[in-house]
Amino acid sequence: MNYQQVIEKTYTKVLAEKNLGSLANYIPELSKIDSKKFGVHISTTDNKEFYTGDSSEKFSIQSVVKVFSLIMAYRLLGRNTWDRVGVEPSGTAFNSLVQLEADKGKPRNPFINSGALVICDMLISNLQNPKQEFLNFINTVSHNSDIQFSQKIISSEKLVGFRNIALCNYIKSYGNIENSPEEVLDLYFTICSIEMSCQELSRASLFLANNGRTLATQEQILNSSQTKRINAIMQTCGFYDESGEFSFKVGLPGKSGVGGGIIAIHPSKYSIAVWSPKLNAKGNSYRGMKFLEQLTTQLQSSIF
Amino acid sequence: MNYQQVIEKTYTKVLAEKNLGSLANYIPELSKIDSKKFGVHISTTDNKEFYTGDSSEKFSIQSVVKVFSLIMAYRLLGRNTWDRVGVEPSGTAFNSLVQLEADKGKPRNPFINSGALVICDMLISNLQNPKQEFLNFINTVSHNSDIQFSQKIISSEKLVGFRNIALCNYIKSYGNIENSPEEVLDLYFTICSIEMSCQELSRASLFLANNGRTLATQEQILNSSQTKRINAIMQTCGFYDESGEFSFKVGLPGKSGVGGGIIAIHPSKYSIAVWSPKLNAKGNSYRGMKFLEQLTTQLQSSIF
Amino acid sequence: MNYQQVIEKTYTKVLAEKNLGSLANYIPELSKIDSKKFGVHISTTDNKEFYTGDSSEKFSIQSVVKVFSLIMAYRLLGRNTWDRVGVEPSGTAFNSLVQLEADKGKPRNPFINSGALVICDMLISNLQNPKQEFLNFINTVSHNSDIQFSQKIISSEKLVGFRNIALCNYIKSYGNIENSPEEVLDLYFTICSIEMSCQELSRASLFLANNGRTLATQEQILNSSQTKRINAIMQTCGFYDESGEFSFKVGLPGKSGVGGGIIAIHPSKYSIAVWSPKLNAKGNSYRGMKFLEQLTTQLQSSIF
Amino acid sequence: MNYQQVIEKTYTKVLAEKNLGSLANYIPELSKIDSKKFGVHISTTDNKEFYTGDSSEKFSIQSVVKVFSLIMAYRLLGRNTWDRVGVEPSGTAFNSLVQLEADKGKPRNPFINSGALVICDMLISNLQNPKQEFLNFINTVSHNSDIQFSQKIISSEKLVGFRNIALCNYIKSYGNIENSPEEVLDLYFTICSIEMSCQELSRASLFLANNGRTLATQEQILNSSQTKRINAIMQTCGFYDESGEFSFKVGLPGKSGVGGGIIAIHPSKYSIAVWSPKLNAKGNSYRGMKFLEQLTTQLQSSIF
């Protein structure tokens, strides 16, 4: 099966269909994006790359970054990570405080906002300069050196991030945040502001399809067992309360962000990044979901 | 890798460790089982079988049966199945009515009790003699002819099944049950009472690892895409609110029952059934979970 | 202040305004009522009566009956009543199961459906012939002898009462129903079917304004302290999740039913019954609420 | 009935019984109070005063202050107050965010923390110098001039007030806070820190028993109808999720605080303040509740 042909055919097909949904509008920076942007990039474990559309244009990856922050924390804390954050799907909307109340401040998983805030707290407690070390890590796994935070996005988020401020203080009230909420929120808003292209995202996550080892430098980011576990969490929790739907339709572990980006992993085969800014009602990229569903059907390449 | 050796080694290791948890005690029939029972059976897509322990002894498969009732409904109704039951993990305990209230009578997925009741309702609406046809189906996929319902279990369940009666009437009040609650509950209690051995369960579910086709008769039970979707639902929803944990630790789609049975599928490779009656706090087999976690670690054979 | 004048003036004023809301439509019997019916009857502790409109026409009192069933149980069990049902407002809609799950089967108060079911269970456990004794009690306190159950309403309710069946079985699953759910539901549907006029209702509840003693026969139904407690529960829980609103606007203890009836008590002064079948969004009589608000404003006679 | 005798007899009786419960311990200032403190003060509408115990010693009135902040907002905004905060009992613990999520940022009533924060926001939007004007108001209604905020308490609260910070930001995310969360929280922590004696509290709330008019200066603080409504809210919502219990046992509108203070109003008769610092499991003064229950039983003076 020729990946490039299938990508292009699926891309053309999805492009011909209606571009439904709407742009994230809670901060001006995200609502100003051209809603017709659409890019795809696949990196395979046998060192090939296939791409089409706006695949080299940077965008705000937002919650996709939670995969990388989780991995950094997991490298630092190992299985102790799970003492403070669970691995169960949340069953409710991504910013819900209800579950948190029921679970006394332990977020259900590291991909909902509350869980990602606890992960940021772990990074602050364990790193000298978490922001710089985070950038270093992203630049290392993506074989790049110009991935940056967006100060504009950070400022925008801080102006409207009342729900995240609420979440962080709420968890703090249960004792599951060690540092000051201000510091944790600052790191959270900062890493979510990172801008990457599909190319960079796909490359950066390829080690998750390669048993934890980067292809270019053969660096072991996670061991094989840890890699499987990160993939498992993406499978069950990567798409908020549409995780079951994504698993059902696409059949790959993945993670989405409100910037319209999605990464998905086919263990031992490839990593893929898709970007299209319009979001469905659950907050996931409308075309991104559609593209991946049709792609895995074409390739018959779900993990199931 | 020699499956038989790994099975036996893992079996011995788990057997040597403490047998924690407790028997299901809500009906006398289940609490009278010998808690030391422990069996395993693997069937591979290249037509081999490996087993150890009490693998040919029949037990009450309980909720494991929900995989088969779902498949029967899916064969009858196709994608219309999902109009009345979702594919999202529930995020709460298996018998919770809260989610059902929030979702106005549409169960989150077909593996929680509420979802399985709606599936039973579909079978009644679409089959002449649902109980007999269900037995026929199970006997077909397991290449067997003496799998039966247990009248004792049915009677016991009916005496204490107030929560299931509540669930069924509650869904009926939202209009998502077409037949009388009594009829639906009767079918539900009946199919949950079915008794099978690990050998029979493993054989019966092998087609899920074989793109939907039975190995012995080459009958196409589900098409390839449908098969992947059933596996995907097992992955995200098969273990109540321990589904994330199972996905995380075992990394295979699976389904458990309060009788202590678990099936798990490695697509394209094998189906496995494990049985050990003592349950952990979440209602899943304590030793079954442990055995599968160690087995997939040994075999390095998770789907991730 | 002349009660008769104020009643008539207020009646005329409310009658001139729009008759908003809609008839209870879950059973045909209730939806067939003439929506223009409107009656009022006041009985005072100095033995006077004032009335206007359709005050002597019988209607289905529905949940208003829960005051009388509670009183019967309270007479039998005294403070032990509160071991199985609380006295707190529910904060959620009248048929919600959520609270019941959080409180492990103990209803928040005796006026939500779940609480009234537990009260029925108490009556069955403590009376030889609960239905007849209930009728006797109602006929006694209302100085009447022809108050009856409506077989038509009972049959209608049973055909659609899935949510109440769910509630009763759910509470049974927590062990807070002693008798069979069928028996409890039968009594519940039966007493809710009772038909009374405003005149009868007002007379029947006058002892609650008279320290627990009937005016005609000077029979002590409840002692003074018990009477205050029943009134207190009506004040905080009598109108489902509109109890605060009723307390705020009307300022009297009271109880409503989906038949459009409302009773309210001014301790030491009077009992009043109003009937108008159209219900607001919370399930309380639209005109009944309006009439009582304007009446207590005119009379300056709230308890606050 | 002689109030002074009844107060003293009841005081002696409660003092002789065990002093159960525990001090509020979330801030050091509150946990350092002498747990044996116990004072009572009644002010009657015929201008008499009765008191015993530590009735003239100042303590931290905490949430009791919410009655006064509500009244200030109600005087400024009239019925528009209720557009942004409800009048229904909450049915859940005083700091719960669940209800707030269900109600999209509109607090159920002005006495739970979320509601009191919205009230503070109203004061900031409508007053030049809310802190000073609040002090002026309290000093006016209590005929006093030395009631002050406690800087120590304010500082302590700010160090641990993560849940209130969470609440305020959460409501802000729904748009129901107009000013900055910092400003709102500052006013909230400030007014909650106010220190008053039973004597001052009882005098300050006497107008609520006097149709809204102060006794000393005959100033109309609220009109008669508004006064009844404030009392009604206290009746249904004054004691968090023990409001029904208080209504049931004491039968008067009232409000408690975690400093161990309680005020209660007998419309047209008297206002009473009790103080005893040990709290029951629901956060209300153990001895205060007990004293008031026995007092109203002795006086036969509940509003029911």
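Letters A, B, C and D name the chains as they come in the text, with residue numbers starting at 1 for each one.
As a convention for this text, contacts are C-beta pairs under 8 Å (C-beta built on N, C-alpha and C of every residue); 3 or more make two chains touch, one makes a residue touch a chain.
Keep in mind the model is a prediction, meaning the values are calculated, not measured.
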| item | value |
| --- | --- |
| Of all other chains, the one whose Cα centre sits farthest from subunit B | D |
| From the options A-D, C-D or B-C, the pair that copies A-B, where over half of the contact pairs coincide | C-D |
| Rounded Å distance between subunit C and subunit D, as computed from the means of their C-alpha atoms | 32 |
| Whole-Å separation of chain centres (CA-atom averages), subunit A against subunit C | 55 |
| Chain centre separation (subunit A, subunit D; CA means) in Å | 47 |
| Residue list for subunit D, restricted to those that touch at least two other chains | none |
| Overall pattern in which the protein chains touch one another (line/ring/star/complete/other) | ring |
| Pairs of chains in contact (touch as defined earlier), listed by label | A-B, A-D, B-C, C-D |
| Touch list for subunit D against partner subunit A, complex | 96-98, 101, 162-163, 165-170, 172-173, 181 |
| In the complex, subunit B residues that touch subunit A | 86-92, 99, 108-109, 224-225, 227-229, 231-233, 235-237, 241-245, 247-249, 251, 253, 267, 297, 300, 302-304 |
